[in-house]
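Both complexes shown next keep chain A, but they swap its partner, so chain B is in the first and chain C is in the second.
This part shows the complex of A and B:
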């Protein structure tokens, strides 16, 4: 029932004209692999992010924040759940294979989840800075993504992340308008999270980036990073916080922010799951997976008996 | 909506003010469905206008909904901006219980078209927002938010979040 294309060039012409690929279509295998890996990375990151968020449910200050953290955890685990289904439909790996790869340290997830959130201010920095960076990236993917099921999920994820950002802004204001101790606490968190957030957009895109060519991404990493820097350098310095980059400056002519040189070594370490907190995070996730195995087995046995 | 609570003031001046307050609330979007108002979602239960004082009763979709504080703040700001209003109380009531049948038919169509989210109204077939087939089967009781489950369309294969 699906469509097919005579050649890769013809398929690329279809994508360039704004065509949307559906799971039933006979897409080129290279496209299938790229879309799959991209969605798998996103799903893994939502899951690892959700688990990180969950650690803060008992520690959130006050009932209202606890409710927000609970809801964010459910959002992120729910996004992972949906994304794993969509990735599995591509037929490259099953959902269980993706999860087992992740827990056996063979999977990849976003760099920001390879670091430890030390204090509640770190959680606020994540909600205020990292979620905003994720939103900028996801909006750009949503705008021109050529894979239909992923594009439709992103539309909802973007709406929900926008709502997380409101929480982030509200929590940041508590620190910005708070006591000297609170301001120091957020500054220390900013010192930890500024560079990982810049890294999150990825190293500068190569001219022949397959993700751009296949219309999975629509904007280069450095352009998205620049968008974030322009907005957040202004906001943070406006609140009197100091990003930990001695070379960060405003270009006197264009009025635009220019960062110092970015050291990519920490990002590369996270690609190999060798970030500061990678081992603990993966082991923790694997422990949950093993501890809940009996639940899955019980449900499967009920389903088998019913069939 | 509880009409008796909304329309229990026959005084024409108060009635005009009531309409102005309702119009203001109709302009408040739900934080998770930009473009769909809280009135269309069926969150508004009653409005009472007493001179410059306004009370608004809202029904939460789920009692643990994390958006409640934002919704209340947005509703309060919108009503406060109405001429002649200087005291606004917005509260969430626990009865009646919200259900998807409270979503206005036009909003159900927009939620499907803009967010690819289905609305499961009890006693009515739920169609797939992507292909239109009435072939959704429950896949997971839990989705990203408490008010939505995940269904799968047997016709086109899409995973559909469904407001329940």
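This part shows the complex of A and C:
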């Protein structure tokens, strides 16, 4: 069942011509592994992001914000669920295996969820900067991804990230037009989140990047990062905030923003789950997983009875 | 746990469309999870859930030959040519 290809070269020809791969197809194992790892990383990140968001439901100022954070939490956990289903269908790991790897600190998730959100302004910075960065990356994957189920599910995820970004923009406005204390609060959050957001796009893509060759991703990391910098350097400085990069400047000829040298060491640390808040976050997620074991056991007994 | 496929439809609009899948213990819990995962912002007002193992799947080798039956189509070329010839004369 499904399609098959005589060789990897033939498969790559199919992808170069805009071919879309479906789970029933006999795709080369290396493609399967790459697309699986990419979706698993995305799923883990949505889940870890959702858990951080959840922490702020009781602390968000006012009922309207609490409801918005509640909705966002539900979106992120929902995104994780959708993505775990798509990843599981690749047959590399089951949904539960992916979760157990994550909670046993054997999984990976995006760098931005390896840092602590210190104040409410950090949550605003996350919604304003990080959700926007995620949206730019995901839109680029959605446009041209060669793996059909991932491309289709991204349509929903991208649409919902749009709500998060707009909510972030509205909250930012409160800080930008607020008191001196509020402006200082957001500036301090920006100092913490500017570089991690730049890192989130990843180091510059290598010329032989398999994700690009197989049209799993369609744009280079540095190009997506640049897209984000052009938009957010303009917006933030327009609001009178100062990105924590003394070398950030506008190129006088092109008018484009140029950042200073990016230090990749903090990103590499998060790859090994050795970021400033990695251990606490993974332990916290694992604690929730253990505390809700009885719910899963109850559900499984229902499933057994139904069978 | 069972895997369900989720289909959504807006009343009066198009056909049921595949939205994605989910894992649930039974039909009732699958409905709750489907609503909360796939229809939080009025993406549809009708929903079908089908357990994946109940879906009858046709092999491509069985379906695809139907793409090669020109006698089931008519490209209308001959009639169009005749019409053009007619209007030239007029």
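Rule of thumb we're sticking to: the second predicted complex is superposed on the first by the 307 of 307 C-alpha atoms of A that agree within 3 Å, B and C clash if a C-alpha of one lies under 4 Å from a C-alpha of the other, contacts with A are read in each partner's own complex, and residues count from 1 in each chain.
What we mean here is this: a residue touches a chain if its C-beta (ideal position, glycine included) is under 8 Å from a C-beta of that chain, and two chains touch if they have at least 3 such contacts.
Source: prediction; values computed, not measured.
Visitor: So if we stack both complexes on chain A, do chain B and chain C clash, or do they fit?
Guide: Here the two partners, once superposed via chain A, clash with each other.
Visitor: A:74 in the overlay: touching chain B, chain C, both, or neither? Say first, second, both or neither.
Guide: In the superposition, A:74 contacts both chain B and chain C.
Visitor: In the superposed arrangement, does chain B or chain C reach more residues of chain A?
Guide: Between chain B and chain C, B touches the greater number of residues in chain A.
Visitor: After superposition on the shared chain, which partner residues are touched by A:250: those of chain B (first), chain C (second), both, or neither?
Guide: Touch status of A:250: no partner.
Visitor: Tell me which partner A:166 touches in the superposition: chain B (first), chain C (second), both or neither.
Guide: Only chain B is touched by A:166; chain C is not.
Visitor: After lining up the shared chain so the two structures overlap, which partner does A:143 touch, if you call chain B first and chain C second: first, second, both or neither?
Guide: A:143 sits against neither chain B nor chain C.
Visitor: Go through the superposed model and pick first if A:23 touches only chain B, second if only chain C, both, or neither.
Guide: first
Visitor: What is the contact status of A:82 with respect to chain B (first) and chain C (second): first, second, both, or neither?
Guide: The answer is both, since A:82 touches chain B and chain C.
Visitor: Between chain B (first) and chain C (second), which, if any, makes contact with A:64: first, second, both or neither?
Guide: A:64 contacts chain B only, not chain C.
Visitor: Once the complexes are superposed, what residues of chain A are shared between the chain B interface and the chain C interface?
Guide: Residues 71, 74-75, 78, 81-82, 85-86, 89, 152-153, 156, 160, which sit in both footprints.
Visitor: Help me check something: in the complex, which residues belonging to chain A touch chain C?
Guide: The touching residues are 1-3, 71, 74-75, 78, 81-82, 85-86, 89, 95, 152-153, 156, 160, 299-300, 302-303, 306.
Visitor: Along chain C, where are the residues that touch chain A in the complex?
Guide: It comes out as residues 1-3, 19-27, 29, 33, 36-38, 40-41, 43, 57, 59-60.
Visitor: Flag every residue of chain B that touches chain A in the complex, lowest number first.
Guide: Per the stated touch rule, the residues are 31-34, 64-67, 69-70, 114-117, 130, 139-140, 142-146, 150, 156-159, 161.
Visitor: Which residues of chain A touch chain B in their complex?
Guide: 22-24, 64, 67-68, 70-72, 74-79, 81-82, 85-86, 89, 149, 152-153, 155-156, 159-160, 162-163, 166-167
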